[in-house]
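Multiple structures follow.
Each of the next two complexes has subunit A plus one other chain: subunit B in the first, subunit C in the second.
Now for the complex of A and B:
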């Protein structure tokens, strides 16, 4: 039931995820943060099987951190995405695969470009201008097709995100109430009030 | 005769020295000179081939190849070229290791290995021989000329002890003191590729034993950015190209040396 969105703009990536933690038909928590900050310029929103998500996200978080400590520089977003994809692909072929879908948003400080990657539990990796996971994607992708602009300012990008969230609230039976929105740009990662 | 503390690579002498490592470094200081200069838009590497007898058959090395034209300059990865000084057979094994490390990084992270990381990988291996032991350490110093998006063009040097350091211009092998002081005098920050090539060849011609330079004694390579794709482009010169370059720089062979030319 989790929903996550992400879109790129001029020098930034916005990542948004709902904050509901559900168990069966019950909402057990309304302020769950489903977006991890992997490095100063890397965000990852995770959805999927509860338990798998947190376990896998922490595994990724710590290994990305370990790479950064061991080597002189952090992994750049494209390399981090490739490594995360491989982790999922290896997991899929193991006895107990992780059932986790990801959106990876990052800002490459060496080439000054924003990057967004769509990754699913089968180990699919796609570099995309905007992306969504969960039921929200059925409503949001058409809106993003229409309104997404890679040269948009942060305000315009947030307005597009607002359209997606409003549409989901209007049409989806089990729409979540609240979202957490984070943005990554040249200054790093920060959370926005939305 | 120091016979008590030099039979193993891992044993300190009472003065706190590792003799085997020092002997390995000594071996390198007799090897052919390798010289590297970092320019603002690229890197130049040159290496002296020591043993060339008149009867040595060079016909197989005539063509050169993408991996290297001879025995001292190697392409480690699409973004790193290395020059080696020391025992060539040891170097071959290190080059093989480096190429594998670079490909492993490409497989895991889908990017060319950052230059310093590759130097670190090799140094980890070399350091192992100073601590865990083995028969002897690698008798090889390397110069790595590479490019990565983090720090752009970089030049590193590593020695048998597993130490490595970054340089603007440096030299290993025979006569490295002379070459080093020449480079210190003549190197300027923001030097262009063309000036760097001139500087390298000039210093090479002064430090090499022979009076004239030629492709049978010299190996040469450059690393620049491809203007169209902005990706690193390594060029290991073929023997004919080396001769053409020397000709252009006015350091080519004169007519009386024709009998030296391997035909």
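Now for the complex of A and C:
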């Protein structure tokens, strides 16, 4: 079961996801990137049914890109979130729904605010200060309730993320070893060594 | 596990003297796990209609968007705003369209209805998930704490409450009912409608 976390801070959003690709009890890949860059200021971490995840993420990625090509400007985070949610909600009532859970982190360059959205495979959309998917959520959400600070600097934000990852490593039986961490802020998206 | 209780959440509407109030909790959960404490379930339809949509959270958003679209189309075609009673019929038919694959939502409608004489009278209604309308003259409830809300409202509500008394009654009903429900709570929002204004207040509630 894959794990992803995200948290907002002062002018940034951190998105983290584990890098294991598993087939039942076997780890088949240890460096899988489960965070897609949808536009210069938009990140999406995806987890769920293998196959569905990549298929859906690529569909979203290409359509967000198409919008940007057609309109010069990329969709702002709230609009992108609404469109992605609608895609999942329509899929839910189709013959073969995608089972994909998402964390959408973005930086709105016109209002200079970070945005984070929690989206599940049903098409539930919640705008939140911090979020998690998978087994990690049972540990991370309570930790983040205690330690999350929306005004924290990037260093403090990463220290809080470290707490979450350490707690999962300590308490979860099937804890993953490696995480990929990406940040989006006014300068765009970048990957961090973590 | 019922799909109606998957995300949690409750809504109540009450009639007062020349006013109505509608209130909901702010929790979004996945069964017992809390996800967000800022999830609005009540939406403005016009300046004097509010609709509350407790139930499956994906359908809360989908139906809100659906109602917004249909009310906008009505406003353009009719060149006037929709009345609460008409909106209730719109809600009912929208849900019955999906009779055999329903949206898992039990809407609650509150508004001030314009009478032929030009005055306003309070209006509340609720439907089940396939659009069976229930016009009540006292209060309507829906959501995971609906049984508790019925009990408390039955004890606290009385006829002809003024706006401030109605606010107190609906607030206490909501706060006390959601404290007995694990899947509702995490804050309450109350909208109070009179003929010429809307007052929205957010209440602090127990965060457990």
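List of remarks:
We take it that the second predicted complex is superposed on the first by the 194 of 194 C-alpha atoms of A that agree within 3 Å, B and C clash if a C-alpha of one lies under 4 Å from a C-alpha of the other, contacts with A are read in each partner's own complex, and residues count from 1 in each chain.
Everything below uses one rule, namely that a residue touches a chain if its C-beta (ideal position, glycine included) is under 8 Å from a C-beta of that chain, and two chains touch if they have at least 3 such contacts.
No experiment lies behind these values; they were computed from the predicted model shown.
By the touch criterion stated above, A:97 is placed in contact with neither subunit B nor subunit C.
Contact with neither subunit B nor subunit C is seen for A:11 once the two complexes are overlaid on the shared chain.
In the superposed pair of complexes, A:188 makes contact with neither subunit B nor subunit C. Of the two partner chains placed by the overlay, neither subunit B nor subunit C lies in contact with A:40. Set against each other, subunit B and subunit C touch different numbers of residues in subunit A, with C touching more.
In the superposed model, A:50 lies in contact with neither subunit B nor subunit C.
Within subunit A, the residues touching subunit B in one complex and subunit C in the other are 86. Partner subunit C is touched in their complex by these residues of subunit A: 85-86, 88-89, 92-93, 118, 120, 122-128, 131, 137-138, 141. Looking at the complex, you find that subunit A touches subunit B at residues 71-73, 75-76, 78-80, 82-83, 86, 108, 110-111. By the touch criterion given at the top, residues 7, 28, 30, 33-36, 38-39, 56-58, 61-62, 65, 101 of subunit C touch subunit A in their complex. Of all the residues in subunit B, the ones that touch subunit A in their complex are 108-111, 114, 116-117, 120, 149-150.
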